[in-house]
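Could you have a look at this structure, given as structure tokens, before my questions?
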Amino acid sequence: MDDTSFKLLAKYLPSTYVQQAKDARNSQNFLINQLLEKRKWPEEGWSDRSIEMLLDELASLDSNNFIKNRGVGEREARIASSLVARRNFHLGHGLGRSGDLTEVQPKAAGSSVMYQLTNDLAKDALRTLGVPGIQACFVAPLATGMSLTLIFLTLRQQKPKAKYIIWSRIDQKSCFKSIITAGFEPIIVQTVLDGDELVTDSGKIEAIIKQTDPELIACVMTTTSCFAPRACDDVESVAVICKNHNIAHVINNAYGVQNTKCMHVIQQASKKGRVDAFVQSTDKNFMVPVGGTIIAGFDKLFINKVSQCYPGRASSSPIIDLFITLLSLGSKEYISLVKERKQLYQSLKEGLVKVASQFGQRILHTPGNSISIGISLPPLQDPKILTQLGSQLFLRCVSGTRVVSNLEHKVINDHEFRSWGSHHNKYPTAYLTAAATIGMTPVDVEQFLHRLTKVLESWSAKIAPIAVPLLTNGHEVFAHDLLLTDEYLVDQESSVI
Amino acid sequence: MDDTSFKLLAKYLPSTYVQQAKDARNSQNFLINQLLEKRKWPEEGWSDRSIEMLLDELASLDSNNFIKNRGVGEREARIASSLVARRNFHLGHGLGRSGDLTEVQPKAAGSSVMYQLTNDLAKDALRTLGVPGIQACFVAPLATGMSLTLIFLTLRQQKPKAKYIIWSRIDQKSCFKSIITAGFEPIIVQTVLDGDELVTDSGKIEAIIKQTDPELIACVMTTTSCFAPRACDDVESVAVICKNHNIAHVINNAYGVQNTKCMHVIQQASKKGRVDAFVQSTDKNFMVPVGGTIIAGFDKLFINKVSQCYPGRASSSPIIDLFITLLSLGSKEYISLVKERKQLYQSLKEGLVKVASQFGQRILHTPGNSISIGISLPPLQDPKILTQLGSQLFLRCVSGTRVVSNLEHKVINDHEFRSWGSHHNKYPTAYLTAAATIGMTPVDVEQFLHRLTKVLESWSAKIAPIAVPLLTNGHEVFAHDLLLTDEYLVDQESSVI
Amino acid sequence: MDDTSFKLLAKYLPSTYVQQAKDARNSQNFLINQLLEKRKWPEEGWSDRSIEMLLDELASLDSNNFIKNRGVGEREARIASSLVARRNFHLGHGLGRSGDLTEVQPKAAGSSVMYQLTNDLAKDALRTLGVPGIQACFVAPLATGMSLTLIFLTLRQQKPKAKYIIWSRIDQKSCFKSIITAGFEPIIVQTVLDGDELVTDSGKIEAIIKQTDPELIACVMTTTSCFAPRACDDVESVAVICKNHNIAHVINNAYGVQNTKCMHVIQQASKKGRVDAFVQSTDKNFMVPVGGTIIAGFDKLFINKVSQCYPGRASSSPIIDLFITLLSLGSKEYISLVKERKQLYQSLKEGLVKVASQFGQRILHTPGNSISIGISLPPLQDPKILTQLGSQLFLRCVSGTRVVSNLEHKVINDHEFRSWGSHHNKYPTAYLTAAATIGMTPVDVEQFLHRLTKVLESWSAKIAPIAVPLLTNGHEVFAHDLLLTDEYLVDQESSVI
Amino acid sequence: MDDTSFKLLAKYLPSTYVQQAKDARNSQNFLINQLLEKRKWPEEGWSDRSIEMLLDELASLDSNNFIKNRGVGEREARIASSLVARRNFHLGHGLGRSGDLTEVQPKAAGSSVMYQLTNDLAKDALRTLGVPGIQACFVAPLATGMSLTLIFLTLRQQKPKAKYIIWSRIDQKSCFKSIITAGFEPIIVQTVLDGDELVTDSGKIEAIIKQTDPELIACVMTTTSCFAPRACDDVESVAVICKNHNIAHVINNAYGVQNTKCMHVIQQASKKGRVDAFVQSTDKNFMVPVGGTIIAGFDKLFINKVSQCYPGRASSSPIIDLFITLLSLGSKEYISLVKERKQLYQSLKEGLVKVASQFGQRILHTPGNSISIGISLPPLQDPKILTQLGSQLFLRCVSGTRVVSNLEHKVINDHEFRSWGSHHNKYPTAYLTAAATIGMTPVDVEQFLHRLTKVLESWSAKIAPIAVPLLTNGHEVFAHDLLLTDEYLVDQESSVI
């Protein structure tokens, strides 16, 4: 509706109602205009209604929604199914032009504005959540692995001779593959055992850099958020090393945005040393479906190069999801969820201490990891017996635990990983991990602890003949008597890796 | 509802109604079961209601929708915004596992089934639409440019020493960038002028291959669907050359699925020669939002390698869009749209012949291109004057035309392209293109021709002092007297490139 | 978005794009403004997107959607469930104030405008579809029966002594109950058999009027659309009688809007005689869910009185449904559906002629009914045997047929109806009816005829021993040998009434 | 999906995943089956997803959604607009058959089950919320006024000679009109002033009954929830009187469900005396859009008669809204909202005490009303000056206050109401009311008090010259100096009535 509409409404309504209706409409426009003007993450979340109305307004600016438009090109964002049109808010042109992911699309002014706003909100969010020094970022319609690959491909364009990426080992396949797919060779730096905890071998990293022709090193890759007992990498030290030797440094901050510590070390690293880019998953941090990351950095030019490296257009779906979610939550609600997560991490830890002791086990001491917690398991020769623990939990509707036996060895793209899953060639004990992540509720923690206890009870009864007793830690275990039932064979994340 | 539900319904309804309700439900299940069993593109389209109910059923199989589920992992597909949850049908886990894009996700059985089904439907669709020999395909959540890059990165893993990609020139930036981003060097093979038409220089391609160490050549890339006056590449000849010299061959079939001819040449090429992969955009061919392609081929192993090359997870949005659209249209409706497009191409051509002759111009004769049509424009020294033509059309709500002046030279990643936009270093005339693509309507054609006539009238009046007369083809034109108004400055696709 | 928004967009977009975006938005506002100004049923249907945006705009004018609103009344249109809010487009205040259904609600300016617009569109629709003389109408959130009751209650207020309503018999229970519920006594005028057809006994109506104190007669009620073999009432003659004797005349035009003839006779009646109100169902004529009528008339004052008679507020849902549907179809599409219905009536008739002759039966000749068609059935003593015919059709997914045995007698509120269902105390033959109504498709007709043939085959085989033969019309039938299976017992509309 | 589907899924998924998917599906079916079996208001609310899936399942049982259905009747629930179909969950048949609102519809088994379930849930809700003795109820697709009319029309059928309804005055127009529309004459019993409070004149009611032929009295109507300073009627005493004299008793419990006290007195009344029916609005108590009531009672037969009195079909929209909302909230959440309301009533009262004293006014002492609160206003001769107070509040986005001047006299249907709005012919002071109703939030209370203070400040400044001083209660006021601005003229609920 425009001014003419309100004039026409005078035929339908007393003038005071028209005036008030206009005022109400102005309030809504004011919300939009504030966003357009300030480009900041609003403190108060928006209602779904306000968000949808903004998306409708933006979609109206895309040529496929012009009432009079006639398309004679090869790509006109026609949408055949009304179901598809509706779920995409009639936005059909995706992101980017051939030159650059963040470039304005002539046929899609609304989509372009939406993307710029999302990038602005994302930048403000990262600033608000612990990295005030950030200079540029964009939301990539790619999950973490492929986003890292994109960064590596950009680095290749800048350093065409580079062959290697130095990588502080983390046993997550897609991290490793992001290097391989980009066509680089990983130089794997094993983590160091410090008590229960696995920490960065910065000395080794520096030693490798010193030994190698710098032209051949594309970058060092470190990781913040990870499964216990691995700690957040010592990104500060690595950043300093990288700065000193003029080597690029890429940080995988997959689910670190929700964690003050992960964010803080990145900010510190950028001050003292070198950080070229850090990548965070949108699904893990902002509770949207899988498919996006925020690629951020402290050098505008480099981050622009990454976005320019992307050839052609891309799906705008991950951006729409993040845009809606950032507006819907507002910073206030998000920060309160971050605080709640911290408390739930404590509850989870306290609960696990109790459960562990009940079964003669203990919590792994990993002060460098404030998201994931490990609980030791008795040493068994047969990884399948451990598998069943994860399987049983999954079948009891507990998802996300990981059982690590230290007995699995894996070869990925010609690289051997001993004790795959544990981030270390010889971790002293088998264990199970659980994590407290954003969006979790007290009921999740309580129910998980309850079901874990039940499962451990039945499981320890089963392994009793071979692991006499589960309560006595450190005993030799004989697997031959164990009857494997079908459920042990579940092949899943929740099981041994 | 299950059998128990129907028993309980007997308290609410006479038994015959319960029986009939059960029958009705069975009809709906029958639809689903047929799909699960046959894995074929249904001939009759499904109603939106049936599609949504299937998606709801599938989402119920994902762990984040289990009523009792408690997640303690770092990635639990929690969705913060109900708006986001709804638009994604509560599917949050995306696609793939670290190992492979097409692998089953333990936490997301429903998403995994949906993806497999979409791949099955896509394979059947490509078979139905002209490439019966296809052996494997998958829907990639990437647009054309990035999909080509992914294929090239896979080729690199197989042939680590390869440096070059031989490329039959097409002036579309993202094609070119897909090579650069993958870290390869393009060897550009200029097209050859044959009458008005630009055709493949197969001889040159073979010559280059003969001259070069085969270990250094990653592949040859050809293109089917393209803007006139470029013709569909002679993919058959190139395929034969590639087969003879054992060189990989990748075809960019961006919007060729809608065109029987493009599909036919691919099928022929695969029979007589070598085709490793061919890529088609989902948005351009199936009228979904930008963001997906079907990567297809005739060797299962290679296509699997491409999907395994993708590091980590990805957005399932482009897959959902295609899944819905394929079910919604059914093959019958799609085939009738393909036929309608063919007729509209004829109408468009006939209409343009008339318009052209009215202004002393003519249609470019390009029998090798059955989608896009070029109409000659008078030779002007100043590309900006041509620009205004595109701008004026865009401002009159005509999107998708391209005005090519042949006067623009461009350097992209150190490669110079003379006369960028025309696929040729020295095309003899300026021209404007328009295309008939799937989803177009008779009203689109009619309105376009009407507006084009109007715009040409005013434009030719403006350039009259300098291009006396537009009606007299072949004259020299002086731009100095032309007053450029703001609207000429629009920087857009519809304008000169 | 407002002017400020577009100014702010200049930070995001080149100025020409902003201008074009503004133009696009103006096109949409133009659509709205035309509607607000002309208050006419648009010829061209609106897209769902445009309709939703208008509803969103209107909802923004209701106080419950004011961003700053704080409610301290007892009725603030708070909506607890987001599902409910969404499906009602956030319109919560319903219709009307205590004084009048059509009065503007201070807290709900948007809802009020929507209601006025719907009433305007409905009026224009009735005019367009054959009753140009209509002076006033409103959409009542009540189905036909209750709407008639409301009109009768209004008549009572005007004529407090009235006791009777003279009613040309039609065997539809809710018509009859509308009289009883309003507290009146019906004077039932039997229809007259004219060949196969049942027609109005106008003479009897006039005779009754002459015999009765006019103060005691509330009105005469006639019916247009009805099941064959009853014809549309002779509303013209009745209107003339009512005019002459100064008696109110109410017409039940339940599904007559889709039928040119029904509309025409109302228009003629209003010219020559008296018509106080005529009522049409929104679901049957405009394909919306059950729940609304258009109450229309030729005297503004009386129609206003009816709307003022409604005590308090009411659901706006039936109005929203009609508003959307009228905009979505546009008059052009509706008129073409009306024409298609007419053709399908012909196809249905021709098809039934064939089916009937195949089984020794015939079509009832009812030129006064152009919607419903009757086909004779063999005379059977046991209505249950006829019942099974309807049941079998229903179980084969044919809904809407009616089997009338003439053997059922019914007493409703102390009034006896012999041969209930046939509109006549002694109709000479049993029969089955089928109707061609708006929204029907050629496939509906074809499939119905196919299934009817199949069912008649099996049914006639079953009754063969008792009704030797079905092919020989007019025979006596003995039911005793017939085995009744469960399916005969279905109690439903499709069966004997 | 059915068993066959799960068998087919084994081609797509490992068997353990299929098993788990089946388990998950069973959990969802279990939810549905529990509801079907227990017919109780669930304690825990359902997710929107679960509710939508149930509605989809139910809609599948309606003939218009049968995949193979072919309709040849006059009413086949065809839905023309997909927007309308979607918002109605594809339920098109509405409620009821001609015989009875609650009867099962053969063509609409799903709708019928949904309606039965809603009636069951509503009954359980009323029981849970304070009227355990309830014997029957149904949700009527009518708002309060028309529902009362329907009850009165039913009473008329039982007592055809009845002429009068004895009515304890409440100044709400639709209550009064519900009597008139039903064709009865109201006998108005004025309330009695008891301190500040207006209470029921039970003695007068009994006296009238004694004086009148019982055959002429249809019923007594009392009201529970109402605006201060009127108290909840003494329904217990009236019930006893009605029982003693064998007169029907109908209670308007419009927004009393949210209030323990209103519910308690109804329960008590039913035990000690006679209550034929009590009516509660669904929108005011359950936060759904306007359009429904629950008509409840202690005698199954009578409540059935009311539902049978409804002639024909009706919209199912108000029922869908209530069904969704009851499932969505669950009893636990609703009860906690009831408690929160009670607390907010206290906060509102305390706040108003402060505001009142600040302006020399006071709270009216009305212990018999625990929803609405009155605050006295200075005596002014000109009601328009009071009007402006309400207007100013409304323009400041406070909705729902009522300013009562006691200076307005109104004639409705020949009945004169002195001091309309105040429920009393001569209430001693002007006042403003505000209410604490369910769904209100602490921010609503706080913001209201803030804005009220601001408005009173400016208003008292304006009236200072005439009402010297506002702080001095009881002074004579001269209106002549007051400048009336436009905003005084707003005609709205929030203003003087």
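Order as written gives the chain letters A, B, C and D; numbering starts at 1 within each chain.
The criterion applied here is as follows: a contact is a pair of C-beta atoms (placed from the backbone, for glycine too) under 8 Å apart; a residue touches a chain by one contact, two chains touch by 3 or more.
Keep in mind the model is a prediction, meaning the values are calculated, not measured.
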| item | value |
| --- | --- |
| Between the pairs B-C and A-B, the one where more C-beta pairs touch | A-B |
| Per Cα centroids, the chain farthest from subunit B | D |
| Whole-Å separation of chain centres (CA-atom averages), subunit B against subunit D | 57 |
| Centroid spacing, where centroids are CA-atom means, of subunit A and subunit B in whole angstrom | 30 |
| Whole-Å gap between the CA centroids of subunit B and subunit C | 48 |
| Sites on subunit B at which at least two other chains make contact | 14, 17, 20, 48, 52, 63, 66, 68, 82, 106, 394, 490-491 |
| Complex interface listing, subunit A residues touching subunit D | 14, 16, 20, 23, 82, 391, 394-395, 486-487, 489-491 |
| Subunit B partner contacts - residues on subunit A that touch it in the complex | 48, 51-52, 63, 66, 68-84, 87-89, 91-95, 97-99, 106-107, 141-146, 148-149, 153, 156-157, 160, 172-174, 177-178, 180-183, 225, 227, 254-255, 281, 283-284, 286-292, 309-318, 320-321, 324-325, 328-329, 348, 371-372, 394, 397-402, 434-440, 443-445, 447-448, 451, 490-494 |
| Subunit D residues touching subunit B - in the complex, by the definition given at the top | 1-2, 4-5, 8-9, 11-14, 17-18, 20-21, 24-29, 31-33, 36-37, 48-50, 52-53, 56-57, 60-61, 63, 65-68, 82, 85, 90, 104, 106, 109-110, 112-113, 116-117 |
